[in-house]
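Next come two complexes, and both contain chain A; in the first it sits with chain B, in the second with chain C.
Showing the complex of A and B:
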């Protein structure tokens, strides 16, 4: 018996087994509970999932969420790429300064950042008042309390999340490859697009995944900067739980988000080795 | 819930046995470990003390100080039990979760009366004991089986006198009239009050609002969609107005009083057609202090002294009709139930909201998003 166990289970597994069991219990338990709720509340059946096709509201909320998340991801990764690129190529001292600035912005509470945007870009904010004072505009520009406001707030929050994985990726690149490319007669532009960019792909994908998944759960920024008119899935779930007591709908949407993310990871794994994205070796 | 109570009693007995020498130290510690409790907690008697206080679950802010003075002090004097607060906000879903999980930590919730209609019949609330709580000390339509109104709050609106000083708006019809009164508006995000305001603006009589004509109300709301913002908290409503984001804003009437004061009267509160909302005390099923103690607590909150103190401190209007005549002169313009306002206001129907709020909120969110 013991021998059989030894043959199939390496001792390492026995060491982590208690913790693994704990994780399964504490993590999978609640998730299963949510899945269970989604098919049993208020009556057993698939009526909650039916709403995905029958309810225009839910379809629209999901569409809004996906649209905002995709745009946020695109902008965050583009801006983050520039920042990471600049950091890798800066001198050590400047690099430290840039990293510090990045982390400071990373650590500031989301509420503070959200309300700061209102101060800056609100109807009577610094920018609008300034532009009006010098006569560029006659009417305040509506930056905030709409979808644009939500995007500005979310991209700002997400840029550090995008920078960090790309930074790590760029730091591990072998720069001699670029030198070789230049040596063989490629222009700077060609070297960047044909050598550097493909080599940083794992970092870009990791950043995009991270930003997109985090964006899906965004709550505070859309609620404040959207002026109540930009409704995303996370806020809708919270309303169904706390205000309207439609826990079945909430559980259904939560399951949907879970499956959505898992499906995305699965699709991704079809096209590339996910371990490289998450910091494994490139081989 | 039963398990927890059982556990607490077991531990109490264990502690007593240990102290009188009937139980060895080792066995007692094992008992505590099995129950998942630190020994110190049992030794100092926390488990017992938990039942010797009233925990009010409310929304924080100034209310802690105000409720402490108005109700906590007289209650402690009469019963020796202190009043403590949980300020995380007793939303319906949270009350339901607390009772369903059997981990009830609050004795009385400072909630809306319609919550009593939504959660009472499903077994999440204790019924109000009208032998202790006095029916005559609240408006008759606001004394329900599972909840009783202690104060009234209300939805009214403020406007910017610098924009509309010459031709001030006086009704919800003016509020919704963007052509006559240009500028942005702010409304409450969770439908309550906003729907009633829209209906009154559309010509429905203030005494004939219920059952709400959802279609008509939402059509009116949509008519100003591009010019409207929505707030979910009192502070957001306040800042939307004083930051100049809107030229007229729906606010809670006591916030309106603060806005007038903070801006030296630049923004003015309009109480005509304000909607009176019954703020109510509801009691989660199986509350730790027991039903009798909470009923005693609620009866003290009905006393005229407590009612006037809450008005003075929070701007929440008394719901005890005996007190209406005693509302001081300087509070008359802001108090819902004052002689100055009571004929001009509409009364919210908690029965309708209790039964329909889920669908109404979702329909409203669909219309504005």
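Showing the complex of A and C:
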């Protein structure tokens, strides 16, 4: 029996089995359970999904989430592109320092960063006080408890995630193509827009999808910097579960989020090997 | 090629952006030194009272201890599981292995709020809510993919001929694993352990759902402090976390340098 197994099943699978079993039993199982709940709780049917069109609150929350995610993604990718481009073209020593700064910010606790923005952006925060002191503004700007604060916090968190896939992509480009373009008489700008930018498209798309996916389920920064005024899906799910105990609605929103993420992962895998996107932070 | 004005502008912009990524976190340092009882910037006077409170209050100390226990256990479990898994996937040559690998990376990318909900749902009937095993298991599932990635990266540079040589010379597969494979992927294993530790040490969303009174980790205490927004002890805790991050980062930088050295010594 064991010999038969060994013949057809590579022994390597034995090493994979413990974690695979853990994920299937303790992770996949309950996630499928949530999908199931979304169409059975409180009674079987699609009434949870009907709320998407009947409930103004839920429609508004989804709209807010998508809007914030799109803006966050756009800014993170633009800023990230500048950083990645400069890093690839910097001298090795500078490159090293830039990578260090990037990774340190990557690893600083999300709670620490959110706390810092709370101190900086408040009505009497450092930013408002500073701007008032140099006479740029007369009245404090409301940075917090609105979408502006949430966006600042989220972009700040997401930029490193945007840089890493683009950096990996830019590092693998064949620079001779750019030299060829210059030799054939194209200007620097032409070379950039007609050669470089199209060649970095896979990195840009991967970065955008990654940031969008991560923003979609983001909880900490919107909950703190939004101060209850900016309600996004993740926070709404937690309220449904922990306060009003409506598993059905929460499960429906979680299912939507899950399908959205899986669809985007599928798209992303068309552009880049998924493990490189995450592995970028470690190499 | 002379750098154009745009390239120069981009380079300066990139440095400014990188500083924008790092500097805001440092505002916790002055806030932690305020002599006042409430969150404020110190004006000329500094005090270490909030650090004193952090290191003497039983609540904060117990949260430090609990987070350390959970993060160390998670890191140990995730390192063992992730390393085995990476070696296993590296060994099998099957059309399914890449699919399985992608599947096993899912806990890293599925929104944490969905993971939190899944664990919460299952932990209730299993009686794991608000317990150490419950938190350690959940964190292990989230952190193991991290180890899988770093160890796989190390294995990608490992020459399979070395394994074949060892087997041909008569070593058993467990001896080959212990004496040949593991030593050459050690930096990747250490990096994975470190990342798993940080992930667990810092995890808040899942923790908010599956812990309550018995288990009250450091992120959970900070989360409450931030939401109530009054006690500067949170700022002191933030400073300690920044210090820990920098130390951990330095450790990982040393590890990757050692990894590079090993690779060089193999190449030459």
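Throughout what follows, the second predicted complex is superposed on the first by the 234 of 283 C-alpha atoms of A that agree within 3 Å, B and C clash if a C-alpha of one lies under 4 Å from a C-alpha of the other, contacts with A are read in each partner's own complex, and residues count from 1 in each chain.
Everything that follows uses one rule, which is that a residue touches a chain if its C-beta (ideal position, glycine included) is under 8 Å from a C-beta of that chain, and two chains touch if they have at least 3 such contacts.
Everything numeric here is computed off the predicted structure, so don't read it as measured data.
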Contacts of A:241 with chain B and chain C, given as first, second, both or neither: both
Touched partner set for A:272, first chain B, second chain C, both or neither: neither
First, second, both or neither for A:263, with chain B first and chain C second: neither
Contacts of A:197 with chain B and chain C, given as first, second, both or neither: neither
Partner chain(s) touched by A:180 [first = chain B, second = chain C, both, neither]: neither
First, second, both or neither for A:61, with chain B first and chain C second: first
If touched residues of chain A are counted for chain B and for chain C, the larger one: C
Which of chain B and chain C A:230 touches, first, second, both or neither: first
Common interface residues of chain A - those touching chain B in one complex and chain C in the other: 118, 224, 241-242
Residues of chain C that touch chain A when the two form their complex: 1, 4, 6-7, 10-11, 13-15, 17-22, 24-28, 31, 39, 41, 81-82, 84-85, 87-94, 100-122, 137, 140-141, 144-145, 148-150, 152-153, 173, 191, 195, 198, 202, 204-205, 208-209, 219, 222-223, 226-227, 229, 234-235, 238, 241-242, 245-246, 248-249, 253, 256
Residues of chain A defined as touching chain C within the complex: 10-20, 22-23, 26-27, 29-31, 33-34, 37, 79, 82-83, 85-87, 89-90, 98, 100-105, 107-120, 126, 156, 159-160, 182, 188-189, 213-214, 216-220, 224, 233-234, 237-238, 241-242, 250-251, 254, 257-258, 261, 265, 269, 274-275, 278-279, 282-283
Residue ranges of chain A touching chain B (in the complex, touch as defined): 56-57, 60-61, 64, 118, 122-124, 145, 223-224, 227-231, 236, 239, 241-247
Residue ranges of chain B touching chain A (in the complex, touch as defined): 91-94, 96, 118, 184, 189-190, 225, 229-232, 236, 243-245, 357-359, 361-362, 365-366, 368-369
